[in-house]
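Several structures are given next for inspection.
In the two complexes that follow, chain A is the common piece, with chain B as its partner first and chain C second.
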Partner chain A sequence: MSTTLDAGHVPAPRELTTNPRTSDKIFRGVVTGFGMTALLILTLIGLFLSIRGIQTIHMQGFGFLTRSNWEVVQTDAGTTYNLGVGAMLLGTVLISIIALVIGVPLSVALALFLTFYAPARIKTFLVSVVDLMAAFPSVLYGLWGFFVLMPLATYWGKLLFKYLNWIPIFDAPQYFFERSPFIAGVVLAIMIIPIVTSVAREVFAQTPLDRIQAAYALGATKWGVIKTVVFPFGNSGLIGGAMLGLGRAFGETVAVYSVLNIVFKVNIHILYGSGGNVASMIIQKWGESTGGETTALLAAGFILFLLTLLVNLGANFIVRNTLKSGK
Partner chain B sequence: MTTDNNTPENSAEKNEGAEMTTQVASSSLANISQAHNLGKRTPGTQALGAGLEARGVHAWFGKHHALANVSLDFSAGTVTALIGPSGCGKSTFIRTLNRMHEFIPSAAMAGEVLLDGKDVYAPGTDVTKIRLQIGMVFQKPNPFPSMTIGENVLSGLKLAQLKVENKDDLLEECLVRAGLWKEVKDRLGAHAGGLSGGQQQRLCIARSLAVKPKVLLMDEPCSALDPGSTLRIEDTINELSSSMTIIIVTHNMQQAARVSDYTAFFLSEGGPGQMIEVAPTSEIFSRPQDKRTENYVSGRFG
Partner chain C sequence: MTDLAYDTVKPIKPWKATGKERITTAISLLLALVLAGVAVKTTGLSGKLGYALSFIIFSTLFQIVVSVRKFGRKALGDSIATSLVYTGATLTFAPVVSILFITLKNGIAGLRWNLFTTDMFNASFLDPIGNGGLLHALLGTVTLILIAMVISVPMGIMTALYLTEIRGKGSNLIQFVVQAMSGVPSVVAGLFIFTSVILLTPLKASATAGGLALTVLMIPTVTRTAQEVLLLVPADLREAGLAMGATQWKTVATIVVPAARNGLITATILGVARIAGETAPLIFTIGGADKLNLNPFKDYTSAMPFYVWKGLTLGTPESIQRAWTGILILLILVLSLFTVARTLGGRRMK
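This part shows the complex of A and B:
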């Protein structure tokens, strides 16, 4: 019973099939359904916002992205809109960068402490505290920022102004330091610490042991090991973590709204009490808006949606590549 | 009785094999004795490297007693091979010598390790300075992939914040001594990851040499390498042995015979690992004192 095969004949690969049980089919259906729902909701939101966005661009032109005034004029002839989110977009980026500049070094230090220095018991405790920080409602950060941090940060702002006002961003057109982008940035910095710390911790913990040992065997101090081995290994993961933090900072609404003086005017003086971000602007204008203004707010939302989506996609891509390549 | 499967035929065969191994080992030893003038290297006669002395060393991992009461002298300028079956504590032992043992959580040790007469475990000792004097090459080549070949060699200087007059000279010297210079001299700026396994291991040796250690520990440096690379590394060891004290863990008895002046045999018989016997390498392979050493070097177990 042996069949001889024609040596020159290469068969096509067979199709591999299986007939799953009913229970498996049902389970698969349920899981697929829920999974698709999430995707569907995201797509619908995107679609809805993009339609409003196109309407607004149609009405306001591309100046909507660059102008920084928000005027709704009602006359007998009807309502005219002169709307732009330039100042708010710039504010969003500015406040988020302040948050990163303050938050990322703190997070890296915290992650280094947790990974390489903390005794086991303190480590477990601190990790759960940091995770709890992520779950805190942002309105609490806003209230705390307003009542506790603002008086302190206002003082820091005055100090920075006093000694560094020759640097343009630390200058201020008027002596008014409450509710500044700087203070909003400090609040946001605290809010992004949990996510950045947790990514950094994960990346640091993956540093190959043989490289760490190689450095120690050469007479390195702990700091030397971190500088020569841990950072070069983890830096792209850290960038990813910082971008996840940036994504959170972009979208933050309530906390920023509580501590920032929202003014529709481009302001790059971070210590001066005038600024804004897209999310808090939407909250501020939402209640009294009608018609074209509402559409414009949704368009602003669409821009924020795109911005956050891009940053998060980029961050995920970088983090995943780092963890996979194990470079 | 149940484990004894040495039927007469079987053991006769094994004995034959054992004799052959011993012959091979001793003949290659003869060559090495000629080449390296073993007779000159008696303890204390040469001011090369530095002597290292382990006194009553024990090691634990948590409650597990891994190594018991090892006392060994490593004279300056000698090569000592540590042999023995897996799990007998050889690697644990050399890791106690440069205090790498303590990196494993819950690891503990007892006894003394004297470098030039000074206990490396003495309170107040700066561990980083100890590791500068006692370098280490690991089983798996572990160059720093983010650095170039040149940066790798000099990385120890940067880590220990040592100043050197002429970095280029040192770089060349280390690579020449590690036997890698000819292969990499035209691409010192290339990343270390592009080298072959054997080249990477020699790069790691060059990296250890740059901080001028007095003692070099090698933990199975050839176990991940092909025979050609292994021979290159053994040549390197022979070169280095004129200027430093070398302690090498190896599973390859021919290698021990080829490179070492002294050989120590480690064994764990259920309990913690122990050092059974130490002697000039030629004696360990030709006239071992202990029956267990004889069984091991003749290939009867392990």
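This part shows the complex of A and C:
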């Protein structure tokens, strides 16, 4: 088909419009729909688990959060439950803090090494190794933690007890140092190193180069530059990274279960072999649980979900603000 | 032509260690080795670890003394910091080396051909490793991964497209949600599928339920990687497409996505590597069978991490041997996925 144009006849210009075509409308609709599923899933997780949470609070009262016993008594009249996750919550926080105290300085050292000290040739390889650490299955950390790390860490625990037992948290009511919160903390510290390191590296890499060079030009040593330029600049980013690590540590299940002796009793003696962790407690009690106990375990999962959600949102907020300010 | 004698100037390399400095370093390292030996003999420190620890302390001390004598007091902080950084970096790599070495050593001892040809239906975990195998777990993991992939790859990529191409009003919110989702503990994902799917729908504990739980964990990984990759596609390409009169749909489908194809495959593989080793969500969702089950919708199934977990918790020498061998196979799987993702992505790390 060919169109001929008369000299005097000018075709009317195409209508200009900002309205998307039908195909684009469908495309945008579909993609937006898929984009919203993430929100939907997160909401559903919160919704379904919060129902169990409310049921449990209804059954046990708010003491569920503070009590530290887990008793299911079966009689002819029925089953009575006396459940509480107080010790487990406290234990989770305690172990995660130990993990941070050990893991964060190591991660910062590693990130400094990778950013400022490592020769370019081995740097790429080492970065891959750190990323690989994040991909190790957690059950592998559990196996390794139980058979390799625990004998070592028990010995370190005994040494700490021998020399530092005048500090209350390093004291122990009995001479029993295996499967202690300290050991679980060491395993968790190793597990959070990759995430904290990668955030720290990202933050360090954002330090404005001109300020680094200005510091060198003023005669600063490498440490001087790090102390006066890199750290002040990346401070809040590091805090955010540590919080991301904390979120990871809160939710870790299998590895902690392998190396921790779960006891429903508040214990702040970190070297003593008795501790708690919400996630591990859930899988420990899951097998034989029925009825109200299962509901309570789901409620414990809800508490864990809320905790990690809060910590993660805070962390992401901080990290994003730092990274933005660098640009 | 004048005959000027040119002296070839030897470039000065002030950063290079001189012979004298090398000798000092060697001597101080030797001294540290000896002193560490003495320390292990005389104090409470013992074993290889005690030796390593005292060696690190002594060599650091010598290094500090040497550099302070050379550069003065200003070097004190710097050399302390340098040695701390090096020590810290070494300490973090020690577990990786140890984990790889131990897994290889313990895992190889249990490798038998029958592992890949039989399941555990006619054998017990307590039997010698020659009985039974992990075919059911291997195929179970493959099924779980396929189910999770079928759901989360389209979802993840679409969400990434929403964040990079549509950039609608909800972008900031979705970005936040995706980040929050990547922090959801794996045990919570399992509990969620248990209370929403297994308790409320006809679908009982099965590969599909397990796959759904893994989907929750996989979507954020795929989304975040895909988003990064899509952002790398130059804006010029998009504008060129639009300038040629293509609709946004055509531009995305025929230009943006093909341009990012390798990266999107990388995103998928990283997602798979993320979930392949997850144990906790499976405890609530797959039931844990000892028999090969290829029906993803019905009956219990098993998975590699679950097999390892079972071996570890049973705690007899035979079952633990099974666990080590299982984790070795799983680790090889994860490692190869990881390597493929890295090569394919070809991302030059900074």
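The rule is simple: the second predicted complex is superposed on the first by the 300 of 327 C-alpha atoms of A that agree within 3 Å, B and C clash if a C-alpha of one lies under 4 Å from a C-alpha of the other, contacts with A are read in each partner's own complex, and residues count from 1 in each chain.
The rule is short, and it goes like this: contacts are C-beta pairs under 8 Å (C-beta built on N, C-alpha and C of every residue); 3 or more make two chains touch, one makes a residue touch a chain.
These numbers come from a predicted model, not from an experiment.
Asks: By the touch definition at the top of the document, which applies to A:221: first (chain B), second (chain C), both, or neither?
Replies: A:221 contacts both chain B and chain C.
Asks: Answer with first, second, both or neither: which of chain B and chain C does A:112 touch in the superposed model?
Replies: A:112 contacts chain C only, not chain B.
Asks: Between chain B (first) and chain C (second), which, if any, makes contact with A:159: first, second, both or neither?
Replies: second
Asks: Taking the superposition on A as described, I'd like to know which of chain B and chain C A:232 touches: first, second, both or neither.
Replies: So A:232 only meets chain B here.
Asks: Looking at chain A, does chain B or chain C touch a larger number of its residues?
Replies: Result: the larger residue contact count on chain A belongs to C.
Asks: Please indicate which partner A:9 is in contact with in the superposed arrangement: first for chain B, second for chain C, both, or neither.
Replies: neither
Asks: Please identify the positions on chain A that touch both chain B and chain C, taking each partner from its own complex.
Replies: 221, 224
Asks: In the complex, go through chain A and note every residue touching chain C.
Replies: That would be residues 20-21, 23-24, 26-28, 30-32, 34-39, 41-42, 44-45, 48-49, 51-52, 105-110, 112-114, 117-118, 123-124, 126-133, 135-144, 146-149, 152, 159, 162, 190, 193, 197, 205, 221-224, 226-227, 244, 247-248, 250-254, 258, 279, 282-283, 286, 297-298, 301, 304-305, 308-309, 311-313, 316 of chain A.
Asks: Help me check something: in the complex, which residues belonging to chain C touch chain A?
Replies: 44, 49, 74-75, 77-78, 80-82, 84-89, 91-93, 95-96, 98-99, 102-103, 154-155, 158-159, 161-163, 165-166, 168, 170, 173-174, 176-189, 191-192, 194-196, 216, 219-220, 223, 247-250, 252, 273-274, 276-280, 283-284, 305, 308-309, 312, 320, 323-324, 327, 330-331, 334-335, 338, 342, 348-350
Asks: Going by the contact rule at the top, pick out the chain B residues touching chain A in the complex.
Replies: The touching residues are 98, 100, 103, 128-132, 135-136, 138, 140, 142-147, 155-156, 158-160, 204, 207-208, 211.
Asks: Mind pulling up the chain A residues that touch chain B in the complex?
Replies: 208, 210-211, 213-221, 224-225, 228-229, 232-233, 327
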